[in-house]
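A single structure is presented below for examination.
Naming follows writing order (A, B, C, D and E), and every chain is counted from residue 1.
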Amino acid sequence: MIIGKIIGNVWATRKNESLNGHKLMIVEAYQYGGGYSRQYPFVAVDTIGAGIGEMVLVVTGSSARVVLGQNNIPVDNTIVGIIDQIDIPPEHKD
Amino acid sequence: MIIGKIIGNVWATRKNESLNGHKLMIVEAYQYGGGYSRQYPFVAVDTIGAGIGEMVLVVTGSSARVVLGQNNIPVDNTIVGIIDQIDIPPEHKD
Amino acid sequence: MIIGKIIGNVWATRKNESLNGHKLMIVEAYQYGGGYSRQYPFVAVDTIGAGIGEMVLVVTGSSARVVLGQNNIPVDNTIVGIIDQIDIPPEHKD
Amino acid sequence: MIIGKIIGNVWATRKNESLNGHKLMIVEAYQYGGGYSRQYPFVAVDTIGAGIGEMVLVVTGSSARVVLGQNNIPVDNTIVGIIDQIDIPPEHKD
Amino acid sequence: MIIGKIIGNVWATRKNESLNGHKLMIVEAYQYGGGYSRQYPFVAVDTIGAGIGEMVLVVTGSSARVVLGQNNIPVDNTIVGIIDQIDIPPEHKD
């Protein structure tokens, strides 16, 4: 899974109907040291009630689809947790 | 999912017959700031009636196949939405 | 799917027996402007009768396996079309 | 599979309920020469009782999900072994 | 599939029990011109009796799992052939 930060929303009126009712969030991947990868933001479906600015856990690939319980839904990134804390002991920070 | 822009079409007379009737679009991935990744354009099947120049939502991997409802179709990128708007609050733009 | 060019063949006498009878082609991924990514050529199974030098459509991942109709075949890249033409309108070329 | 080193933990109180009881570890990918890729740490579920600082074997994608025996669990990286030793003969070190 | 070279072995006493009896090889991906990508070696299960120093065909993702005939085995890279020869005609070498 990826650690990411939600930075915005995407709106699409014309879309596959199985996406109706799902929130499409723009997420940036976490980089070591606390920064985020700006270059390639991606879109993830939220299942947890996460909001803009929150640090989240994102699952990718077929696991992102099966967790939604609809086998034919066109989803490959799903937000499955809101991260409270990241613990890295000092000896592993360098 | 990826945010992309449709920049062209690919034509293939000799192809796997399950691809007949599907439009094959060339898509560039969105990069932060509004640019697009020119280097590696990819091919996606359109399911939504999107046209050249439109910004679209593209799903990848096995989810791109199952949304088409044909289990053996050789597809790994599918256009599943036309993006109307991207909202990124100012405090997350920098 | 990826646009690629076939540049050669790979021969393997000792291999998983489900690969017998399949042609293993070396493919380079297309880069914008007409060049090809030389650095990491990959191997794809041909299903369409494509030859060296031809520009082809390659599907990846589990979709490359299921199109072959043998569920346990160890294949993750399959050539599923020969590309006749790529159309990119001038306004999307820059 | 990837060789990685566990460098920390992630805590998420609000998460998909199928993740309850699973330890979420932060892992860095091994780079040749003994270093680790700091830039993009990822999150993996531990199934083996591994601890911070240990070198582990991580499986990715749908294989990371099916090994857990719960088909709908949102996991795409799973720690499946603790590495005791890496043997690379001298003639393959350069 | 990827062309790779086996450069070593990984030993793990504590591991998922479905991995017992499988040899875990360290593989480097082939780069054009005959070199190998040193930076990110990966681990693959051998099914073909390949040895250190041999050039092999490696399948990735879910296809690497299903070829083993055990649906829940945590494997995402499998060696499925030993490469005898790579043929690239001179006009495609530049």
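Quick note on the criterion: a residue touches a chain if its C-beta (ideal position, glycine included) is under 8 Å from a C-beta of that chain, and two chains touch if they have at least 3 such contacts.
Quick caveat, the model's predicted, so the values are computed rather than measured.
Enquirer: Count how many hops through touching chains it takes, at the least, to reach subunit E starting from subunit A.
Expert: Shortest path length, in steps: 2.
Enquirer: Give, as an integer number of Å, the spacing between the C-alpha centres of subunit C and subunit B.
Expert: Here the centre of subunit C sits 19 Å away from the centre of subunit B.
Enquirer: What is the distance in Å between the mean C-alpha positions of subunit A and subunit C?
Expert: Centre-to-centre distance between subunit A and subunit C: 31 Å.
Enquirer: When you check subunit E against every other chain, which residues touch at least two of them?
Expert: Within subunit E, the residues that touch at least two other chains are 61-62, 64.
Enquirer: When you draw the chains as points and link the ones that touch, which shape shows up: line, ring, star, complete, or other?
Expert: The chain contacts form a single closed ring, each chain touching exactly two others.
Enquirer: Can you give me the ring order of the chains, beginning with subunit B and going next to subunit C?
Expert: B, C, E, D, A
Enquirer: Using the touch definition up top, name the residues of subunit B that touch subunit A in the complex.
Expert: 1-3, 29-32, 37, 47-49, 57, 59-64, 66-67, 69, 78, 80-89, 91-92
Enquirer: State the interface residues of subunit E toward subunit D in the complex, per the touch definition above.
Expert: For subunit E paired with subunit D, touching residues are 5, 7-16, 18-19, 24, 26, 38-44, 52-53, 61-62, 64-65, 71-77.
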